[in-house]
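Two complexes are shown next, each including chain A; its partner changes from chain B in the first to chain C in the second.
And then the complex of A and B:
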């Protein structure tokens, strides 16, 4: 299949892109890496009348800004591995992005595209929720910050409005000692996940002082484990009782059931992957202490 | 229609293009480069991989109008019609192809990888090679012979053999 006809606009600057998005509203889509939009257009699942090419915009910085790390919307997936700031402050993020797609796709796909596309098992949306990211959305009218927990509404549905685009995200820096890990199960290397589990821990060198756990593949948007903090606070890093905690925090969860994987199989994966991620996050915390 | 200037394998054309035309189709139809194979047309198979300004890219997920001023290279530019590039010879030697449909994509994905490993003077583990080509699907070989071909090409490049 081939795409339906559209008009192509190449934006050279942000204000120009925003003016084009304002002018065409619902009929326009930004195109970044094209690694999700063009498949959708080729299959005629998307038929925008106007494409605003944003690849020339200056939105690919990764930098520390006071109490957070800013990542621009056009940062491509392959870049994180070379950024020491990511590995240093956000180990779960550093591990999670390694699971995105194949090399040719990673070289092209962007942060802004992945979170705006909001595939239910994409890694970046889950990582944004796990790390309490703020998503910066800009339109010709101005800009607003959307907490990740409110941004991802359902499969391929976000709280972005017509005329808005993502310019970047801010990740709050961990305050004290922290650690993290990310685990995933997919059918083939580089495929979208069936289940993934991300973990961040705060600790005092001996015991866990707080914890967050996120899953994708459970529902149509990333899901935070509600009781993660309560179940893990006070547990020694050397013996976090990861399996019991993973069982308890997923007890009331009913995952998706579809031809790809049954709810029962997904549930087993949630427990196993959460336990592995927790165990590794504790091991990393002990090595660093 | 958008005015677009594209150079493919050294040949420059000024084209007037419908924006919806995929780079893959323009290379095949306007440049007559039939080595660009289209498998799935949604990014899943890797058969249409070409180089845009030296970097592997899926030409089925790229609109030709996005390539104004770009230099494209297709499999034809590797080793000509007799396919004499070192990696193509390695594929022949190790039986890295059978029907050949996916081969141009594998070659264009892996040729820069072979150069990268040769530059580092390093033989990657098989798992690394498999990861590097994980975006390309082959239904004939079971991949083992393609891994062997890539290893052979890296060995030869590390021994100083030329690609041509």
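And then the complex of A and C:
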């Protein structure tokens, strides 16, 4: 459990980092907290020949920018909980990130690292998809914005290209009244989820006007419940018929099947967690109204 | 059995003395294998099999020739003729050998076929990737069913089928019991394969000094003397010129309680290369290729009278012991233990067990805290609940009716139980659970959340002596522990202990014992252990014997010194009767006349330096040694464990609300350490019950090879563990102490399974009770809701 040989480069500025990534292409990986990449390298499942240390880069801001909240790629997980802008605008995000790892992981691990690593049941990819985030990817050539739904392709596979790195995400601010909740099921606290379900609602104080639901553990990348909006629009916040909606939106879904959790067990968790997240999101909306 | 229980002063024994070793262990001052560096040292990396079963065609090392740094490589051909042999000399046993490096066959994923040595551990690991094993696959024996099949491929040449061992144990008239029975109850129970996971993995360093012809081997082992003896016998070195040191050992739990082929191999490599050789096991190696545990399937048939008395028990026990027989407890150790202890704390007179150890293409199974007992108690205690339910009795009431109440008691296999508190501990537990039982009953109306209470009542044979081991006809042979106690000129005490303390707190408890005998403070006692050069021969730390036998040996040796100190003091103080001298507070004083005293350091100086002060004819010196064997049948500790669980019926999420232990280990040497041992064991038992699972696929590939997949209990999931003690000292050991190192890990699988069964109103037949298993069990409960 020692990594294959590699060269280490410390970048002081973004342009330096991007130049190094451009120079080494597929053979290079940026490294920040190392919470995913280092174990993968120690198991020799990842074998980058060049590591570009980006810890010194100025990419750790959280700020409101017109109609969205920007979170820099080097923001450590432990910061989300202290950020009132997140609690205020993105309750599902605030709940979801509480499930990330343990304190040591949250102290070092970064937003950009988790997203780029793209574990199939990590919280941040699911939250990005749920909240319609745009992932900002930069290379020596320039910058592009990738909708989260197109960014996560499969387990540990993203649409990032050689020479590109994530520099941050933009979360669009909800337009009207909104609410949200996140539920997760894992064997132990801090583990990657067996199933997680995130919900966001828009509402007018009495009824749901739109809804989004995301699941992880269904497939190798986060999955949006296609019919969530249609099923929930117009339902009263006081009695959203959560169980029936959760059943209906997960009908026909065939989740992953492995020794830890069968497809049948996962499906049952999808229904239960979706129902619980939906119920709590409605309760929060009622309290706020 | 009738020897008087010693009258112990109990000034130090029984006190909550803070552990002396913690200062070192908690401040980063401990020294483990990985911390040891020798000049000119070579680092070793194993080339391990990636397939479960194959014939080796060639181990190709040609790519190493192109490296731009020096490496040395050794394969099975180089070590041909050297092996680990662990066989029982009994009918029903097939003999086998484990070559130091795979010779003609690969028998499990992780089986080492070659080693690469380099100047740096990173370079060794890089080079090891370049060695290729060319092989022809063989049919994989991946399950016990496949091992028992007619057409199974034997793992060893010359074998018939895949049984290492198949034997029986019996006592009484089972046919008569069956004929008298009003109820015949039969069930099959299964415990999964897991591993032991010490925080520090294994590791070995060997260094051969050509000048003195002394081989020094550092190993993270629980049994340094047995490692020394095996190396002597296999490599033909004089045992006097082998020194084995187990430095600080970061947990063992039985996993390090075997002699491993790699210990012999690394000793051989140091001699071959003329340089020190170091190997530190990494976590993946530890998980797939160290020692696995449990993996039992039992079918029990109980014969019960109309009045609810257990009349007889028939047991069929299979254990999947993997690819090789382990030294010294052998492949038959785990199923044999299960068969032996299955009668448990209950009084019945007919028993028959068939037990077998099955060879499969998996990591070898060896000793792990509890050894066969957690599985036996799981089956036995699940069955007791099932019987109680079938005959309409309360489960505690049913156990109270059947436990042994009069001692000494000769059980159905002829083992004699020394006094215990089986009935009293059940009664105490019933009292402690009153509120939990009410809460469980009240929850039965809820469609969402159910509470369950389950208990496990068991005994543990501990500190068993030579008589128990010779019956096994296995290489373990004996079970004694030795200690050397030495007082130096300043009155400080040095103990050379034949045990290895790796969490047991022996540096503290043995100091407490010596302190009471010698009248000095325990802080004046330095306990050295884990080094064959500093202690007399012992079998090592396992089998719950450190306290009763290690502590007992220290007690006897220290008292011999105390007797001599009293003689010297009587002479100096001109007192006729040395029995009137007491040793206390670092003084030897006349009882009833405390003003007449000699400081103990002055007595020590008289014995070692100013020997003209000794009584005429007395030999100088203050060193004594004692080897203490255990009682033939051991001494039986007993306990009742209770789990209180709360289950989310919809998701299968289980919360452990509380875990309660009532235990009796005889005389308690240090209550703080006993509580810690019990709690640590319970946490491991909870791991066995609900999450630790070494999963293999049908090709014999291990799937849980990192801590992301092999789930260990975390502090976040652990309940409050409430520990209560009953103290029934045994007349069979010098201090009245029974063993307690393993007990904590024995009860939880049964107690938790019984609690789940109670919560959901279903039968529970297997572990691990992870979320998916609970969710499946709760299916019926969900459809009620």
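The working rule: the second predicted complex is superposed on the first by the 289 of 289 C-alpha atoms of A that agree within 3 Å, B and C clash if a C-alpha of one lies under 4 Å from a C-alpha of the other, contacts with A are read in each partner's own complex, and residues count from 1 in each chain.
Please note the rule applied: a contact is a pair of C-beta atoms (placed from the backbone, for glycine too) under 8 Å apart; a residue touches a chain by one contact, two chains touch by 3 or more.
Values in this document were obtained by computation on a predicted structure and should not be read as measured data.
In the superposition on chain A, A:190 makes contact with both chain B and chain C. Of the two partners chain B and chain C, it is B that touches the larger number of chain A residues. Touch criterion met: A:1 reaches chain B and chain C at once. When both complexes are overlaid on chain A, the residue A:60 reaches neither chain B nor chain C.
Within the superposed three-chain model, A:265 lies in touch with chain C and out of touch with chain B [touch as defined at top].
In the superposed model, A:23 lies in contact with neither chain B nor chain C.
Once the two complexes are overlaid on the shared chain, A:98 sits clear of chain B and of chain C alike.
In the overlay built on the shared chain, the residue A:241 is in contact with neither chain B nor chain C. Applying the stated contact rule after C-alpha superposition, one finds that A:43 touches each of chain B and chain C.
In the superposed model, A:34 makes contact with chain B only, not with chain C. The intersection of chain A residues touching chain B with those touching chain C, taken from the two complexes, comprises 1-2, 4-5, 39, 43, 188-190. Listing the residues of chain C that touch chain A in their complex gives 121-122, 125-126, 129, 282-284, 650-653, 691, 695, 703, 706, 708-709, 711, 714, 716-717, 770-772, 775-776.
Across the interface of their complex, chain B is touched by residues 1-8, 10, 31, 34-35, 38-39, 41-43, 51, 53, 55, 101-105, 107-108, 188-190 of chain A. Contact residues on chain A toward chain C in their complex (touch as defined above): 1-2, 4-5, 39, 43-44, 185, 187-192, 194, 259-262, 265, 268-269, 272-273. For chain B in complex with chain A, the touching residues are 2, 18-22, 25, 41-44, 46, 49, 55-58, 60-63, 65-66, 109, 130-132, 134-136.
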